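Two complexes come next, and they have one chain in common, chain A, joined by chain B in the first and chain C in the second.
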Partner chain A sequence: MAKPKIGIYGLTGCGGDQLMILNLENELLDLLRNVEIVAFQEASSVQQDEEVDIAFVEGSVSTELDLERLKDVRKRSRMLIAIGDCAIGGCVQAMRNQEMTMKEKMEEVYGKGEEYFKVLEPYGLSKYVNVDLELQGCPIETTEIRQVFLSLLHGDTPEIKDYPVCVECKLNEYQCLLVDKGMPCLGPIIAAGCNARCPGLGIDCVGCRGPIMNETNAAEELHTLLEKGYDERYIENRLRFFGANFEGILKLSKMLREKTGGARGK
Partner chain B sequence: MAREIVVEHLARVEGHGGIEVTIEGEEVKDVKMRISEGPRFFEAIIKGVKYDKVPDVMRRICGICTASHSLASIRTIEKAFKVEVTPRTAMLRDLLIHGEVIESHSLHLFLLALPDYLGYPDALSMMDKHAKEVKAAFQLKKTGNMVHNALSGREVHGMNDRVGGFSTMPKEEDLLSIKKAMEDSKAAAEDAVSLFASLDIPDCTHSENILMALDPGDRFGYLGDHVLISDGKRKRVEEYRELTNEEVVKHSHAKHSSYRGSSFMVGALSRVTLCKERLYGTANELFREHAEKLNPRNSLNNNLAQAIELVHCIDRCLEDIDALFNNGIEKEELAKIEPRKSSAIGAVEAPRGILYHDYSFDENGCITQANVITPTAMNSANMEKDFGVAVGRLVSERKENLESTLELIARAYDPCISCSAHLINVKFV
Partner chain C sequence: MTSESLDAFVNNLETYGKIYGPVKTGESCSFQEISQSKEMALNYSRTMIPPKKFFLKLKERMFIFDERECEYEETLEDGKIVVFGIHPCDIYALKLMDKIYLDKNPDKYYQMRRENATLIGYSCHPDEYCFCQSQGTNYAVDGFDLFLHELKDKFLVRIGSEKGNKIASENSKFFMDVESSDIQEFREAEGKREKEFTLKLAINGLTDMLALSYESDVWKEYADKCFGCGSCNLVCPTCRCYDVVDNVNMDLKSGERQRMLNSCMLKKHGLVYGGKNFRPTRVERLRNRFNCKGSLREDMMNCVGCGRCTVYCPSKIDYVEVLRRVRGEL
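Presenting the complex of A and B:
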């Protein structure tokens, strides 16, 4: 059987997900014996625009060029896998979506009165094309990439975690940072898969794996944190870091905005 | 007739960029380093965020120099709120940044830069004939990543380094495994120096280079509060605006920097040149041995300078680990923070050069203003200078040779394009 052809591509992001693939290090060399890499932007000058069996795409769609490249990759790939939060919900660069206009962001960074250049409000891939699988994380975990590679090589569908970080926290018997220590932990609404890394280090979950798909009870999280004494704006920012493009959080954010009159940061 | 040399998509670097050179007859008319990476507007989106989670957002500017952004962000916040950290925290931060340099330099030297010199599209396809180099790359990279994992919690966007200290102390057994891995990889780092010293480096970029690096104090390192400049001046990091004079250029999403009207260079070559007296141990010996080769007027020597830093970093990590064991690694509470209305500027030497973070806070400790200047943005104008010099010298060469030389130059700067993109102007020829 011919080796499956793999393409690894990056749109707008920090390059960290491609780096996590390289971070498989010696294991990567073993994996590569079983596949043929036809593009790996961060690691190779080979960029063949040919059909691939599996395309891994990191980064958000933030420019017209990103969109053009994404559509091209989609057209010539049998399976398209979004790797990392940027490619799923836009990640931190999307945290002010629908809150600040792109023109406002532009003027903030670039200065008023300068020419305004066209950029897109950052979104994940699925806003524009059909995505076959989404691997959450900022960054993705090496254990998950390995598992996805192996599953696909064996013709299986990789398992995607649809339960919260809290489950992994409990399995590790960590003290609950939210209930016991009153820390602003987002564990209850964030997808597991990190083995509750941050709570294990005594740090409240910042939400870097993104909300659990279709099951984000952001209102209850807000309620709990308000009870713990955190103010609405602080909580809203926290929810937005990695979740601004998720429906539950967006709705909640809009509701808060109407209540507080809309001035940001106040 | 005008002809154009276009490297439309620069591969084997972090992010999206390209190079365009216009030549008329024998004359270089125009040189552009285009940074086409989408801008992410970190300075705008961070406004209103409370200081405690600012580093968690800002370290996501970059996947490769994530600990550098973490530490720049944390140090700036601590400066603003006048927080003193313990000697143990300072020692752990020193270890973390040296570990990051090992990871980043080994990735850059072996996986991104070396394939050009050996004639391959990437390091993975070098396995058949150059297995030793590829294995050395992964060994060193893994060793650097072990530091990231043990101290910051993971390889990319680690979170254990916080404002005020480390949330959890590294485990003793992890420090011991790092120590062993460092000892085992020192030979590979020394081999990297011999390898990069033996490469035939074209001198096509040979020209004046103004250099800048942070003053690390008595000993070579990556943290400091003053900037050393090759004209002999020493400035406080608070004067960074006069040192960088960032301005928007229409062809790139990265702003360009200049010092007294000239482009300048930051990174390993600047550091080892300006701080050569502070190198010590094996790195110092290797620097002396190759001092002639390390001419700072040829930017391509940045690769060899990085290889020498690899050796320095391994020795320093070993020293830091020994010091940690001698002084104890019991848990310490994070320093207490009292936010106030204030502003501060902090800097670190990221693997590819000086990185500035500049924040202002309101009385609740929420960001009201932020500015980040990355090394790749600072180097952009100098890269263009080098492209112009090289094309001017090689103007009669074939187009392909010119293109590959331009890529060689760009890669020697180890550009981190995601970091540098402030703004976009997508206009591809």
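Presenting the complex of A and C:
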């Protein structure tokens, strides 16, 4: 059987997710025995724009060029996997979505009258194309991408951790930072997969893996943290940092904006 | 046994396996390996993770496999352990777990660990979250090897099994005969303890009440508060659902099978072949969890009143309050 062809591409983002694939270091050569990599933006200048079995795409769609490239990749891939928060919900680039227009953002950063890029409001891939699998994380975990490769090559559906960080804290018997210490931990609404790395070190979850798809009870996270004495704007910012485009958080932001008569943002 | 003998007695327990006891870890408590009795916080109220973790591991590798040879090899650890300081509620919970994992089709991982373990109970005082009295699990009649009741300057020790009897006779130098004054003191202490319970839950007919409240608005109300984070299940001493995952190695032929505790509050718990989910919404999952806890396994209820789910719920959903609402008491 011919080796499956793999393409690894990047849109707007830091390149950290591709780097996590390169971090497989010791196993990369073994992996290459099983797959043929025809494009790997961060690892090789050789870029063959041919049909692939699996395309891994990181980064958000933040420019018209991103969108053009995404559509092209989708057209020539059998399976498209979004890797990292940028490619799923836009991640930090989307933090101020709906709060400011792109024009306002560009003016604030680059000054009036300058137009360096044809920008779009940052979103993940699924806003524009059909995505077969989403692997959360900022960045993704090396162990997870490894498991996705191996599961697919073995003919299985990769196991996606669509449950909260709380589960991993309990399985590791880490003290609950929210309940026991009153820290502003986002664990209850954030996708696991990190093996609760931060809470295990006594650091409350900031939500870098992004909220859980269609399961995020953002209103209750706000309520819980307000009860613990945190400021409403602080909590909203914390929720929006990695998750501004997620349904539950969008709704919450809208509700808060309406409550304060739109005098928010910036 | 006198209070002064505790240290030496605990040291001697080494003969029967690695000793685990309740140890203070930050603001909560956890059963950890100890070498001396003073490392334990024996006046603890509850550990976050119950002693089920010794028998149904939080996560473990079950076996390694090789598809080429169609072979697998189990990778069980088999050390003898002594779990010291278990409270009555947790003893009842293990009795329930035994019914699930030992009767009919025994789980050999659970069985081996259970056989390798010595359980030593320890008396406790309720806090505002304990409702074991209502569940009838506040006094362990059996299910332990030894049980220590703390009195003023001594312990009244009950023997609950052959194994416990053997330990007692091999350590007879620590034990004295019970005198009538001891019995009097024990009786008074137990009577006093009975009055310390403040939280009550009426469990009569609870199973039926739950069934009759299937359409209740209470479920929706609490589901709106619920994160669906699974903490309640994972800290529950009687929740026993697990998930199994195969991880293949780079050769795509060999690998390992892992199992870890799972939670019926997570969306994948009800996911079955074909992408169907028989509990797709949080309301359905929450209602299911309460119905499971309020149901009977033979003659035992699936809840022992330890209070962990209330204490460790990040959105402060109060188990007893929910059931009182369901009954229409609140």
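By our rule, the second predicted complex is superposed on the first by the 258 of 266 C-alpha atoms of A that agree within 3 Å, B and C clash if a C-alpha of one lies under 4 Å from a C-alpha of the other, contacts with A are read in each partner's own complex, and residues count from 1 in each chain.
Keep this in mind: a contact is a pair of C-beta atoms (placed from the backbone, for glycine too) under 8 Å apart; a residue touches a chain by one contact, two chains touch by 3 or more.
Remember, predicted model here, so these are calculated numbers, not experimental data.
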item	value
When chain B and chain C are modelled together on chain A, clash or fit	fit
More chain A residues in contact - chain B or chain C	B
Touched partner set for A:187, first chain B, second chain C, both or neither	second
First, second, both or neither for A:220, with chain B first and chain C second	second
Which of chain B and chain C A:241 touches, first, second, both or neither	first
Included angle at chain A between vectors to chain C and chain B, based on C-alpha centres and rounded to the nearest 10 degrees	120
Minimal inter-chain CA distance - chain C and chain B, angstrom	14
Residues of chain A touching chain C in the complex	27, 30-31, 34, 147, 150-151, 153-154, 156, 159, 162-164, 166-167, 170-173, 175-176, 178-181, 187-189, 215, 217, 219-221, 223-224
Residues of chain B defined as touching chain A within the complex	9, 11-16, 36-45, 47-50, 53, 56-57, 60-64, 66, 107, 111-112, 115, 121-125, 127, 134-135, 138, 141-142, 145, 153-157, 159-160, 162, 167-168, 248, 250, 366, 368, 416, 418, 422-426, 428
Chain A-touching residues of chain C, taken from the complex the two chains share	25-28, 30, 48-49, 53, 58-59, 224-231, 234-235, 245-250, 252, 260-261, 263, 266-268, 282, 311-316
Touching residues (chain side chain A, partner chain B) in the complex	10-20, 22-23, 25-26, 28-29, 32, 37, 40-47, 59-60, 62-66, 91-93, 95-96, 100, 104-106, 108-111, 114-115, 117-120, 122, 138-139, 142, 197-198, 201-203, 206, 208, 233-234, 237-238, 241, 264-265
